[in-house]
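There's a structure below that I have some questions on.
By written order: A, B, C, D, E and F. Residues from 1 in each chain.
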């Protein structure tokens, strides 16, 4: 199951909440303001490193570019909108808001 | 599966979410409703919305019983963090661990967050 | 793959509408079918034809209209949600339709995926 | 005391609109002047006359209209924000007005307080 | 200066943020979903107790009633909309969103 | 005083907030702008919004120099939590402690959060 997260981890509880529910191996895709979670060296780096040990982590490239986020935590893959579609084709979707 | 994540009244998401659930249940869809985070506040007993001029709807959750809504699940941690227990809620629910809800989510074809 | 989209926020105020559109475009480009975009909550505001953004900005309601015309994507606004927010046939874009939540149930059943965009 | 109100969210979807109204009512009841309610962001959706909620629910745009008629409260929607969201003179309630942000500047200057309600 | 807080402390960062900025003695008024912060015995009880030592704390009664919150942390006062108006008359306002 | 608290692009609050600031500045109002929490992201360098199809506006903050906008203040903790420094921002700002911003707030007649 693909989990999408669209909120900044700083201003909402979506990130904290989602990671309590996804199953090991479930891919997680950060979109919109959610992409701030994968910026290298922020307050959530350790939590994200934990997620990366059990789950594949993606971030939507156009959203990263829009926010000027270029240094990503190690292990995070980027996808464009077509890559987003591919992930949706491979998995059922859980769109966290 | 419908996931309630917002407190009632401050925003309309839970109320309009409930409207959606009632319609979908009437179409005899098997469905479950999960309350996570502030979503559990919508089940709090003794809500009296007269003073804010907004229609209350906590009791409508009781009506779900009459439909094919299989189960109402409440996330245990969310309940505990808020200093609430099952006795504080207007309907019978199953209080479960996050991991159990996670497993249930994984079995779903469709999940809608409200 | 057949895809349904549920869009829960209005245009411009939230990125949800833009992401839903970009996703739909990409899915169609890759040969998938986008069956319908169902608008709920403030999402219904996406289909007012009175929308008139600055000239150098995107025109969100026209984009939904084009998606309908060129790719047959149904653009559906929930009637109860629309009434609360002043969306009626008077202001509805060409190609949009106001309908009940039963339609969303059908969309959920007949598609391989239902994605939600919102806030 | 003279009060200005800035309202940044649309009706029904957020409680902001209700709280702003209840606050304005109470202030007037206590003999204060509510000079204006300025609508910004999705707040502009408060003044569409096409709003048609269920009969047992409050009618939010009518409330603003009554506040204007009975107590002279100016109900003002920002023009740029309105255009993005399809609010124009065509759908504007009686007593509402679409105006520029300069008006908000005046409201901020001429009142003792400017309160914000939003989300 | 009166600070109003209208967000649940659980789902947003408004409460956490506001308390870094208000000055000792400034009254704080919880409204809308913000009133969950003053419910007795929740996760934020200790933080709120700290606030109560330096600042007067109010909660809007109609919002408490609407949410079924009747057991409040010790020291929290309630006001109705007219009491809200009184606080606004006494203080300039900082409406945190 | 205008307080920017939202990240750019995900919502319109910071962008429409900036539109408000530009008009108020043109009316020769003395005003200051404070960036707290996710609000500081709106000042991040190298934002390229072409891919999401939304107009970028980070550079518009530079234009505030030409108006009577006295100061741009950035909350130090907000900056540090995000792993950012002054060098990451598009304009010159004054990075200050929360307590200093709190004092400035207390002096204001009008504060608008965006």
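Convention: a residue touches a chain if its C-beta (ideal position, glycine included) is under 8 Å from a C-beta of that chain, and two chains touch if they have at least 3 such contacts.
Quick caveat, the model's predicted, so the values are computed rather than measured.
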Chain separated most widely from chain F, comparing mean CA positions: B
Selected pair, greater C-beta contact count between E-F and A-C: A-C
Equivalent interface positions on chain C and chain D, same or different at half: same
Farthest chain relative to chain A (centres taken as mean CA coordinates): D
Centroid distance [mean C-alpha coordinates] between chain E and chain C, Å: 38
Distance from chain E to chain D - Cα centre to Cα centre, in angstrom: 24
Centroid distance [mean C-alpha coordinates] between chain F and chain C, Å: 32
Touching two or more other chains - residues of chain D: 8, 12-13, 15, 19, 22, 41, 80, 114, 116, 118-119
Chain F, residues touching no fewer than two other chains: 5, 9-12, 37, 52, 54, 113
Per-residue overlap in chain E, given as positions that touch at least 2 other chains: 6, 10-11, 13, 32-33, 62, 80, 92-93, 95, 97
Interchain contacts, given as pairs of chains that touch: A-B, A-C, A-E, A-F, B-C, B-D, B-E, C-D, C-F, D-E, D-F, E-F
Contact set on chain C toward chain B in their complex: 6, 8, 40-41, 80-81, 100-102, 104-105, 108-109, 114, 116, 118
Residues on chain E engaged by chain A in the complex (per definition of touch): 10-13
Chain C residues within the chain A interface of the complex: 1, 3, 8, 15-16, 19, 22-23, 25-27, 29-30, 32, 113-119
Residues on chain C engaged by chain D in the complex (per definition of touch): 10-13, 41-42, 45, 48-54, 61, 80, 83-88, 90-91
Interfacial residue positions of chain B with respect to chain A in the complex: 5, 36-37, 77, 98, 101-103, 105-106, 108-109, 111, 113
